[in-house]
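Next up: the structures, one after another.
What follows is a pair of complexes built around chain A, which joins chain B in one and chain C in the other.
Up next, the complex of A and B:
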């Protein structure tokens, strides 16, 4: 019988990794749900953000302060990406193909600049952890959880309560009608795409804080984050976070109670279950 | 016909675990219990399964056996299970960065294993990980005597450092993989020079009959497999003072280096 400490630590580990799934999924769910773009390049942007963070931190900048550089730069990248997709009227399905191409290009760029070797960011954050009862709480993972909750909640509140958010949702729902009410759909789409890319920069920092990086690892995150986004509901900023934590905890408990080799089955089993029993939730 | 320069013997799933446990058996306090965690990546997995059998035959008690899929992202629960298992020795059938990820996860729960082995770790990141101190791993070559008593090895090391740094590689030490690759070139070079030919069949016929002295040691292909059982070129290295040093077999140990046990 596993001890309570093992169970508790595993659940905590699942919550933390789930928060990262949610953070990675935030930009993806917004671009998919509100812009109708299945943006695979989002994963590559997260890694590009992580590598830039690594580079700037190596130059002496605090990892969290690097956001002042990376977030605006990524915002511009996101705007440019959307402009390009809109310019050529790329259909939702074709965005999958086009952004896959961008993902490969960004991966190649990362490999060219930083090589294919593993890179690990050394910061003072990595050595900080607290003991709460019998459980250990590491600072980088706690930061990821806090950032994920704050960011997802802020985006949710913005979409729900502000005029800007309402306009974005309206434009996504029915662009011509929204335009008739004075909503500048094109500008809002550019803003949203820029914001999604900026969220990738934030996720990149969290990734660099708690994980070792290699360019090819971009692909390791796609499946599980897609599952979190789909289970969480497209366009719902809180959805990937909640679903990500659900998946993360399920994976962790599978590893702790059954066998680590079974863990990768969890996310897709949950996704299939949701598609079977709550398809309207996924479609929403 | 294939002429592997990996330096591995015929039944490595038996020879290699014995090599590691022989090394640990030489310490004042050899391990009595073992935890085996392995990736399901084929080349790592079957050797780890061999380690289970070898450990059992040698009287070690297996307190934990875990398998994980290649590409695992979260080592937290595995680290927690290892901490609970309290093994004297952890055999980690891992390649690449997995060792560092597990060490990170163990650090986060304040656990430092007494003795720990990583099959084919990414050597550079392990060096930069303080928790990897005294970690064991396989190798065929390291940048210290007796390996560097070969002038060809010294020449290769120098060239590798220059080219590696120019290419922006974060770690430019010649070890297992680099020595295997260079031995491949040496094998082709020796065979081509001896036969004055680059014809596949001529080279193969020559290599079947003649050994090649590479920077890793003598390679030969005259047995039923690449090597005769028990004659492989693998050694055990340990991370001591921020450097990988061969510690076993002792005739290949770095000058002054001794295996640090529990």
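Up next, the complex of A and C:
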């Protein structure tokens, strides 16, 4: 049995990694739940964002400021993706295939520009960490947690309380009827898809701050993030964050108590358990 | 015999011609290259058996391939088994793993295609983790250079070539047999509308499980052979998302609804990839494969062989004449064929059926009427097993139906139509009608079922549209397709759910004659309808439902004068 301090530290690191799962899952849950698009290219966009961030930071820009460049650029990409998928009325399953294709293309692009080697962003944020009691709190991870909580809550509040959010939910429920009530559902869908891609840029910064990157790593996140999205309930912006932290802590405890190598099994086991015992949660 | 000569002899002849290659003294390069083509043909075709035919896309084919790779690697490489003896294990282990996975996920009520895709993707990472962390591999990979390759040809590369050739022929042969047979019809029906397929008698759960097992077993065999071919296996190379993508790309490119589609796609992609990876533009080649993938899905959703996707009929219209009557003509009797007692069904807070009692007598036409929302369609859905019943009993010919799977209800001789026609969109009109007889009381083979289907197409005046897709029919024709489909299984009891709604008066006259003819053929009819003229003309008895209860029954004219019934339809007058 490891010491309480070690246990506390691993739970904390589980919360931090869970926040990143939640941040990656935010765009996915919105596009799956509200647009009926399963966007695998989201993972590649997150990595593209991380690499761009790495590149701009190397040129001397503060990592958080690079968002001013990447977020608008990604917004346009997201709009373009939705336009393409809507233009050819691609079925939900086929969106998975089309975006798989985009993922491979972006991965190839990354590999071409930055090679297949591991890269790590060096910034002044990276070395800052505080000691709170017995526990170490690293700044990059803390930033990720804060950004994830603020962003997810903001999206949740927007969808729930603003006219724009209500219109989006109505359009996803029944587009023709929403359109009959004066909702411009096509424009809203484009906006939402753009926003999802911009969230990928934000997630990319957090990824670059706390993780080493390699093109092949893109695939490593798919399983666990989709598990968080599905357990969290499709279309619910807070869902992936809560489920992600739950998974992250479970993984951290598995690493601390059993063996690090078994952690990848955790998310799959939790997902299957949820599918078996709470199937209505994942039924969109 | 003629069938065998026509279909399998050319197939075996092609195989025999290819089998001579290793004995022609060509450079080993050709054998190895063709080995890879066959290897991918096996993987893409085996993937297609479940995913293409039934529409459940697996993103985890690499997991089952990998199970086969490590099956052989561990047994032959580490434990010293002879190579050929490991192959049955390399097939059986993935097949069992597939059955295990299917037994869990195919029971999930919420499972849809997307969810299956992601679960299988996650499964691949799970397998990789397990193999990496246990003595199966443990990290360093497994060397197989000490494994003796059976000398089937003058050179080892020739031996691999022959093994892959045989496996590829076998896999394509299996894909062809499934495609042509009743099994294939069932899988294609699952692809289009699984609920309806189940209600028409297709044992969907068993079919999906069987297709998954077959698919995984063949992928495992390919893995077993491949492990010795590459002679050094690692977790990273074996369990790769890239392979899953490649297999789907091949099948989608060739056409997932045709038995030869994946083989065509596999050949094209293997040649293309080979060309790029040996050039200086390996990364660009990968990106190009991604791009082709996108273009194919957007512009050729049915693949290169998409235009051949509708299967050729096995029976001609002329064969319809030879069909013999199976049901004896029924006389109208007092004997009940179906007795429903206290049937209950609730949807969240709405009590759709609040204890319905109903008796259907053999040989009659029973009208089931009531205002909208009174529970008529729910009753049909409960009897046919489409919705599980909450309480009460339903006894059909002495057999309790409550709790039976829908396909077993269909097999006991009950058929239904859907109020809004739900044809299988990618099956021809003929195939739509031929499906129920294949899975009804008398399980017919596909050729006989199609003869039967021709007969019912003639009966409903749809023969001219037999080879069209349902999407090309108008509403009137789609309603009659729905009717033909319900009749084709020769049910003892048939539920007609508002078959007349939306038809013009003259079309209704035709339909009334048709329904009378159905009863005269020997079926008992329960007729749900709002068109009162038809109810009065056709029915022997009428049962009235309101708010999920039966409030009156008897001869049509008497029931319609009942004060309760008038109140239910028109409301109560204010005093």
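Here is the rule we go by: the second predicted complex is superposed on the first by the 283 of 284 C-alpha atoms of A that agree within 3 Å, B and C clash if a C-alpha of one lies under 4 Å from a C-alpha of the other, contacts with A are read in each partner's own complex, and residues count from 1 in each chain.
In this section, a contact is a pair of C-beta atoms (placed from the backbone, for glycine too) under 8 Å apart; a residue touches a chain by one contact, two chains touch by 3 or more.
Remember, predicted model here, so these are calculated numbers, not experimental data.
Which partner does A:94 contact after superposing on A: first (chain B), second (chain C), both, neither?
So A:94 only meets chain C here.
Going by the contact rule set out at the top, does A:261 touch chain B (first), chain C (second), both, or neither?
After superposing on A, A:261 lies in contact with both chain B and chain C.
So, does A:163 touch the first partner chain B, the second partner chain C, both, or neither?
In the superposed model, A:163 contacts neither chain B nor chain C.
In the overlay, answer first, second, both or neither for which of chain B and chain C A:122 touches.
It touches chain B, and chain C stays clear.
Jot down the residues of chain A that show up as touching in both complexes, chain B in one and chain C in the other.
Overlap of chain B and chain C footprints on chain A: residues 220, 259, 261, 264.
What part of chain C is in contact with chain A in the complex they form?
The contact residues of chain C facing chain A are 55, 57, 104-105, 108-111, 113-115, 117-119, 121-123, 125-126, 128-130, 132-133, 241-242, 245, 248, 252, 283-284, 286-287, 289-291, 293-294, 297-299, 301.
So in the complex, the part of chain A that touches chain B is made up of which residues?
2-3, 5-6, 9-10, 12-14, 16-17, 114-115, 117-120, 122, 129, 131, 136, 138, 141, 211-212, 214, 220-221, 224, 248, 251-253, 255-256, 259-261, 263-264
Inside the complex, what are the residues of chain B that reach chain A?
The contact residues of chain B facing chain A are 40, 66-69, 71-74, 76-78, 80-81, 84, 96-97, 100-101, 104-105, 108-110, 122, 124-125, 128-129, 167-171.
Spell out the part of chain A that touches chain C in their complex, as residue ranges.
For chain A paired with chain C, touching residues are 32, 38, 84, 88, 90, 92-94, 96-98, 100-105, 107-109, 111-112, 219-220, 222-223, 226-227, 230, 259, 261-262, 264-265, 267-268, 271-272, 275-276, 279-280, 282-283.
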